[in-house]
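Labels for the chains are A, B and C, by order of writing; each one numbers its residues from 1.
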Amino acid sequence: MSNILELENINYVYGVGTPFEKRAVDNVSVSIKKGEFVGIMGHTGSGKSTLVQMLNGLIKPTSGRVLFDGADIWENPKEIRKIRFKVGMVFQYPEYQLFEETVYKDIAFGAINMGKSSDELDRAVRKAAEFSGLKPELLTKSPFDLSGGEKRRAAIAGVIAMDPDVLVLDEPTAGLDPMGRDVLLSQIVQYHNKRKNTVLLVSHSMEDIARVADRIIVMNKSRLVMYDETKKIFSRGSELEKIGLRVPQITKIMLTLKERGYDISDGILTVDDALAEISSLLKKEGKIW
Amino acid sequence: MVRDVAFGQFFPGKSLIHRLDPRAKLIMLVAFLVIIFCTFTYPSLLIVILFTVMFILLSGVPAKFYFKSLKVIIFIVIITSVLNMFYGTGTPLFEWGILKITLDGINRAIFVSIRIVCLILASSCLTFTTSPTDLTDAIERLMKPLGKIHFPVHEIAMMMSLALRFVPTLLEETDKITQAQKARGADMESGNIFHRVKAFIPILVPLFVSAFRRAYDLATAMECRCYRGGFGRTRMKVIHMSKRDVLSFAAMGLVICGVIICNILLPAVL
Amino acid sequence: MEFICVDNISFSYDDRDLEKPTKNAVSDFSLSIKKGEFVSLLGHNGCGKSTVAKHLNAMLLPDSGKVYVDGDDTSDEDKTYDIRKKVGLVLQNPDNQLVASIVEEDVAFGPENLGIEPDEIRKRVDEALKTVDMYEYRDHAPYKLSGGQKQRVAIAGILAMQPECIVLDEPTAMLDPNGRSEVMSTLIKLNKEKNMTVVLITHYMEEAVLSDRVVVMDDGRVLTQGTPEEVFSQVELLKKHRLDVPQATELAYKLRGCGIKFEKMPLTADECVAMLEEVLR
C-alpha cells in the first residue's frame, strides 16, 4: 500500500535565538502507510506532541519536509489550511475547545470552515455523531450541559465531521475512567474499520496502544527510537523499560518467564494470549488436559 | 510554547535589590518615576541614567532581559521622539517644506526617549526582583490605612496576586485552544476586521468557560486550605525595613536632591 | 482507633449547583477510617467517590446521616476549620489549586490562613517541601513545573497545615505515568514513614493495589471492600461493573478456571511470575 504521510529529516527547534532554545524534534524520518493504525508513545517532552502537530501544518518544521500523498504540505503556505481538513487532529482534553450554542453547531464548525454545502454538512454532522457514539438527541443540547465523556465525544465528532483521511488523536482517553476509556477506544477502532482511514494515536497507556495499534512509533528525547509492528515493539520490553516506558503487566510477566528459560513466544499483549500460551505449556507437561 | 515576555516576569535571586523591602521598592519606584519627569537639564538626566544603570547592575538580572522588556516599547519610543523632534520651537537647523528640526526639537526627542526608557527599566527592575506575592503584599500593607474606611484592601491584593498567578496558565491555555480551533480549519489570518473579530469567538468562549471552571476549583482549594479572608491571617515572609532600605532611601534622596539642584542652578534645556 | 466515621450518609446536589451531577450523589454510605490507614476509594466517574471526599473535610454536609472526624461532627460550624486543618483535601487539577506564583509561598498559604507565627510557617514549609522532594524547587514558578511536581507541591501545601489525614480526589487523573508514580511514591512514603492517614480516591486499580484497604463504590454505595487481594480476587464482580482488574490477577483467575490451584491471588507482575513458576516447575 502507498504511503499517506512521509516525514523527511524533520527538525523542530523552539525559540531559535532565545535563551529558551530547545530542540523538540531531532531529525525524524518516518512513513505512514494508508489505512494503518499507528500508535505513538513516549514520555511527556519526548517530542511526540510537537511531531504530530507538524503532520497537519499547525507547526512548521525548522527543517525537513512533510509529504501528504506525495506532495510537500508547505509547497504553498497559503493553502496550509486545506491540509488540516485532510489530517484531522484531536488534541488532548478536546472538550475544552467546545464553544457553540449547540452540540450540532459545534460538530459542524470544522465542516463549515471546509465550505461544505448544507446537505453534505447535515449528513457529515450526523454521521460523525454516530461514529463517536453520541446520541442524536444530544445534538440540540448546549455542549456545556453534557457529561465529561459526552463532551469529549462531541469534540472528537467535530474533527470526524471533516472526514479526514488521517485522524490524529493526542491522548484521547486521558482522564477518563476505565469504562469510558474502553468504550471510546472501541469506538475509534470501529470508526477506523468502517472508514478505512489512517489513524495515529498518541498515548501514555501501553495497554491501549497494545490493544489497537498495527504499528508503533516510539519517541525518546526528541528522536524516533523505534518504529515497528506492535508485537515486535513489545518484545523489546527491556529496551522500553530502559527509556522509562512501561510495558503492559501481562507482557512483562510473559517476558520475565521467557527470560527464565520457559518456552514462550514474544510480544504477548493480552491476558487471553497469555492464557493460551501457559495452558499449552501445561498441556505439554501433562498438568492439565 | 515558550513565550518570551520579559516584562512583568520575576527572576528569583539574592541580590541587594531582591532583598530590599518590597514596600521600600514600591515607594522608591514611584518617587523615581516622578523625578524622571522632573529632569530639565542634561546633568540631571545623566544622574537619572547613572542611577538606572546602577540598579540594573545591582539587580543581578542579566541585562538581556532588560533589553527584551524594552523591545516591546521601542516602537513607541521612536514614534514619540520623532514627533517631538518636529514640534520644537526656535530657529530651525534643517528644513524640508513644513517639516523643520530645531535644536529644541532634538533636545525634546532625547529627553522623551530617555525618560521612557528609564521608566520602563525602573519598572522592570521592580517586577524582575520582586515576586508578585511580595508586590501585592506590599500594596496591601501600604494601602492598609484605607481599610479603616472599609476599603477591601486584602481582597483586592488577593485578587491581584491570583490574577498574576494565572496569567501564564491562561496564556498557555489560549495557545492550546488556538491550535485546536486552527486544526478544525478556523481562519484567523485573513478577512476584514469584522471577520477577524468573529474568528476570535471560538477562542474566547472556551477561554472564559475554562477561566470560570478554574475559578470554581480554586475557590474550593482555597477553602480546603482554611482560607477565610484576611482576618487572622499571618504571613510567612515578614517584611520589615532594614538598614539596607534606609540606605536605599538615602541614595534615592541624593538623586532627588541632585536633580533638583541641577534644575535650580542650571538653565533648563526644555 | 477510628479517626473518621461516615455514618450512613446520603447526599444529592442541588440542581442549581455549578457541579452538575444531580443523580450521582451518595446514598446510605458508611465508612470508617482508622488512624494510619491507607484506604483507596475505587470507582467510576460519577459513582459518588468525589462527593464522599468532600464530606470528609466538611466541604459538603450530608443531607442525612453524620460524618465524624476525630469525634467532631462535621455539621458543627464551630469545628469547620479544625476539621479542615485535620483533614487536608488535594484536588484533581494541580493547576487550579496552586494560589501563589512561587512554590514556597503557595505551600505557606495554608499555615498563613491558620494564623501561625512566621518562623514556624517557614519551618513547616521547608519540611513539607522536603517530604515531597520539592525543596530545591522552592523558588520556582508553579507553571513551569511538570504535572507530577505541581501535584506534589499541592500535597506539600496540605502537609504544611500538619493534618492528621490527607484525602486526595483523583490526584493522578491528569498526570502522565511518571507523574503518577511520583505522586504514588510520595503517598506511600507519607503513610509508611510519617504514619499519615491517606484516603486516595482513584479510578486506577494499579494505584488501589498499593493501599491497605480498597473500598469499591458504585452508584453511590459500597460495592465491596477489603484488602486489595480480597477485592481484586472478585474478578467477575469487578468486570461486571466494568472496573479494571490487574492483568496478573485476571490471568490467575482464568488459570484457576482451567483447574490450576493457587493459594493466593497475585496482584503484581512479580507475584504472578513466582506463582506461574511454581505451577510450571
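Everything below uses one rule, namely that a contact is a pair of C-beta atoms (placed from the backbone, for glycine too) under 8 Å apart; a residue touches a chain by one contact, two chains touch by 3 or more.
What you see is a predicted model, and the numbers here were worked out from it, not measured in a lab.
S.K.: Show me the overlap between the contact partners of chain A and those of chain B.
M.R.: C
S.K.: Going by C-alpha centroids, which chain is farthest from chain A? Tell me that one.
M.R.: B
S.K.: If you average the CA atoms of chain B and of chain C, how far apart do the two points sit, in angstrom?
M.R.: 43
S.K.: Need the CA-centroid distance for the pair chain A / chain C, whole Å please.
M.R.: So the centroids are 30 Å from each other.
S.K.: Which residues of chain C touch chain B in the complex?
M.R.: Where chain C meets chain B, its residues are 18, 57, 59, 81, 84-85, 88-89, 91, 93, 95-102, 104-105, 108-118, 121-122, 125, 139-143, 154, 157-158, 161.
S.K.: Per the contact definition, I'd like the list of chain B residues that touch chain C in the complex.
M.R.: Result: residues 10, 12, 131-133, 161-162, 164-165, 168-169, 172, 213-214, 216-218, 220-228, 232-238 of chain B touch chain C.
S.K.: Show which residues of chain B lie in contact with chain A when the two form their complex.
M.R.: Interface residues on chain B, with respect to chain A: 1-2, 4, 64, 173, 176-177, 179-187, 201-202, 205-206, 209-210.
S.K.: Inside the complex, what are the residues of chain A that reach chain C?
M.R.: 43-44, 145, 147-149, 174-180, 182, 204, 244, 246, 248-250, 252-253, 256-257, 260, 262, 271-272, 274-275, 278-279, 281-282, 285, 287-288
S.K.: In their shared complex, at which residues does chain C touch chain A?
M.R.: Against chain A, chain C makes touches at 20, 44-46, 146-147, 173-174, 176-179, 203, 205, 242-244, 246-248, 250-251, 254-255, 258-260, 268-269, 272-273, 276-277, 279-280.
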